[in-house]
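First subunit A sits with subunit B, and in the next complex the same chain sits with subunit C.
Here is the complex of A and B:
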C-alpha cells in the first residue's frame, strides 16, 4: 500500500554550495535532500522510498566545525510503498519454481507464494513452467495474481523487503 | 465478595477454594460481618487467579455476593435479586461482546469468530508508522505521474535524482488503468465512513476495484462484523464506481 509520510531529516550542505544569494542555497538543500532520498532505497518502518512530494520546512543551519558544511533540519512529505500483513495485493509473476512462485508487487520483487498456500494448483514443468488448477486457471510468468499478505520481513543488508503471501481465500488467484 | 459465594451451597457458581473457609466462618456470619469482608479480600486473588476483568465480571454474576447475612433469610428479597440478575444477564453478555471486539490487545482467544477480522484490522493499523496516512493507488498514481511529467524538464539538471523504486511504484499504481480522479472516488466512498469504515479500509477497497459486495468482505475481512450495516451502502458505492469507470472508458474510446 502506498503511504504518505512526513519525515524530518538533517541535510548536509557542503561549504562550496553556500552562496550569499538564498536561491542557490535552497536549491542546494533540495538537491541534497533528493540525493539522500534516492540513495536510501528503503527503511523498515515506512517501506520503499518512492518520491518526495513537498518540502514543508527548512530549519536553521548548524555549522560543522570540522568540514565547514551546514547541517539543516528539513521537514518534508514523501510517498512510500509498504507491504502490510493482512493486505491484499496484486503482483506479477516473474519466477515459477517447483515449490512456489515469486511475484513482483511494485518495488518488492521477493514476494513468495509457497505451493502449500496454493490449494488446488499443481506444478506443470516444462520450458515455461506454470501452476494449473482443476478449473483450468493457469499461473505462469507474467500472470497478474491477487494475493493476501501473511507476513513480511525487512532485510537490512539488502535494504529490501521479503513477503510471504497466500492464494487461500475467496476472490484470490489469477486476475 | 467472593466469600458470600462461598456460602453457597447457594453458590455452585463459586470456586471451591473459598468454600472451606467460608463454611467455617458462616457460623460467625451474623456475629462479624467484617470477617466475611476479610475473607473476601483473601479469597479474591485465590479464586480468580488474576484480578482480571472476566474474573471480576464472573464474580459480579453471582447475585448472592450482594446479600448480607441480615437479609439472607428474606425469601422475597432473594427472589427480587434473582429477577434483577436474570434481567442483567443479556446486558452483561452484550458488554462482554463489545469488550471482546473492542479489546485490541486481546489475543483473540475469547472471540474466535471475530479473531481473524480484529487481528487483520489491528495489524494494518499497527503497521502504519507514525505521521503516515494511507493513499489510494489512484491517488499515488496521480501524484507520481505529475512528478514524471515534470522530470522531462528536471532531467536536464543532473543533480536531481529519483529513487530507483519510482518507476516500479508508478507502474504498480497505474496497473488497474483506473483513470478516475481520487477526489471523485473518495466522494463515492465517503458515506461508508459514517458506518465506521476507516480510511485504510477504504483504500484497500478502492485498490482492489471490487465488482461485488461479497468481494469486498472477502478482501477486507475486518468489515465482516459490520456486514449487515454495510451491505447496502457498499452496493450503492460499487454501482457508482462501476458507472464512473464505464463513463471514463467510453470517454477514452471516443477520444482515441
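Here is the complex of A and C:
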C-alpha cells in the first residue's frame, strides 16, 4: 500500500552552500533533503521512501561550531510504501524456483509465495520454469498475480522488506 | 469477541505509524511519480542518474497496476468511493483491485462487512483504553450487499468513459 505521510527530518547544509541566500538557500536545503531521502531507501516503521511531494516548513538553522555547517529542521510530505499483513495486492513474478515464487510489488522484490501456499499448482522445470495447476493456469516469469499478505519483516542489512504471501483464497491467483 | 470478530482482527491490526498516514491508490501515485519523472527529465541531463532504484521500480509498478490513467477518472474514483464512508485503506484496496462482484469486493476487503460498532470495540480492545482510533479505521462502516453493488456499478461507469 502506498501512503502519504508527513515527516520531520534534520537536514545538514555544508558551509560551502551557505553563501547563498533566500531562494538559493531553500534550493540547497531541498537538494540535501532529496539526497538524504533517496539514500535512506527504507526504514522499519515507515517502509520504503518513494518520493517527496511537498516541503511544508523549514525551521531556523542551528550552527555546528566545528564544521560551520547549518542544521535545518524540515517538515515535509512524502509518499512511502509498506506491505501490510492482511492486505490483498498484485505483483509481477520475477523468479520461479522449485519451492516457490518471488514477486515484485512496488519497490519490494522479496515477496515470496511458498509452494505450500499454492495449493493445486505443480512445479514444471525447464528453461522457463513455471507452476501449472489442474485447470491449466500457468504462473511463470512475468505473470501478474494477486496475493494476500501473511507476514512481513524488515531486513536491517539490506534496508529492505521481505514478505510472505499466499494465493490460496477466493479471487486470488494469476490475474 | 465473537469468532468472526477475532478473525477480522487481522484486517484491522494497523500499527501506530499509520495514524498520521493517508493511503494512496496506485493510479494516484502513478500521476504523481510520472509528473516527477517529467520534472527530472527537464532539469537534469541524465534523469536516470537522479532516480533512485526505489523510485524507478515504484514508477514501473504503479504504471502497470493502475486501472485508471486519465487524471479526471482518477479523481472521480476517489470521489465516488469517498461517498461510501470507507476507511482510507479499504478505499485504496478497492480502487486498486476494482472487484467486479460483491463477493469479490468482500473477499478483497473483508472489513467492509464488519459492523461499525464492533469494529470500534475491536480497535479499543487491541489498542488499550483511552486511545483514539485513527480516522481511517473508524470512518468505515458496515455495508450491505446492495450498497457494495451500487458502489461497484458507479466505479465501472468510470472505466467505460476513460
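Quick notes on this structure:
Convention: the second predicted complex is superposed on the first by the 174 of 175 C-alpha atoms of A that agree within 3 Å, B and C clash if a C-alpha of one lies under 4 Å from a C-alpha of the other, contacts with A are read in each partner's own complex, and residues count from 1 in each chain.
Definition applied: a residue touches a chain if its C-beta (ideal position, glycine included) is under 8 Å from a C-beta of that chain, and two chains touch if they have at least 3 such contacts.
Computed from a prediction, not measured in an experiment: that's the story for all the values here.
Model built by superposing both complexes on subunit A: subunit B and subunit C clash.
When the two structures are aligned on the shared chain, A:120 is found in touch with neither subunit B nor subunit C. Looking at the shared chain after the overlay, A:68 reaches neither subunit B nor subunit C. In the superposition on chain A, contact of A:169 is made with both subunit B and subunit C. Touch criterion met: A:35 reaches subunit B, while subunit C stays clear of it. Once the two complexes are laid over each other on the shared chain, residue contacts for A:106 go to subunit B and to subunit C alike. Looking at the shared chain after the overlay, A:14 reaches neither subunit B nor subunit C.
Of the two partner chains, neither subunit B nor subunit C is touched by A:59. In the superposition on chain A, A:79 contacts both subunit B and subunit C.
Residues 1-6, 38, 41-42, 45-46, 48-51, 53, 79-82, 84-88, 90, 104-107, 144, 146, 169-171 of subunit A lie in contact with subunit B in one complex and with subunit C in the other. Touching subunit C in their complex are the following residues of subunit A: 1-6, 38, 41-42, 45-46, 48-51, 53, 79-82, 84-90, 92, 104-107, 109, 144, 146, 169-171. Only residues 119-121, 123-124, 127-129, 131-137, 139-140, 143-144, 147, 157, 159-166, 168-173, 175, 200, 203-204, 207-208, 210, 214-215, 218-220 of subunit B touch subunit A when the two sit together in their complex. Across the interface of their complex, subunit B is touched by residues 1-7, 31, 34-35, 37-38, 41-42, 45-46, 48-51, 53, 79-82, 84-88, 90, 104-107, 144, 146, 148, 169-171 of subunit A.
Those residues of subunit C lying in contact with subunit A across their complex are 10-11, 13-18, 20-26, 28-29, 32-33, 36, 52-55, 57-58, 61-62, 64-65, 89, 92-93, 96-97, 99, 103-104, 107-109.
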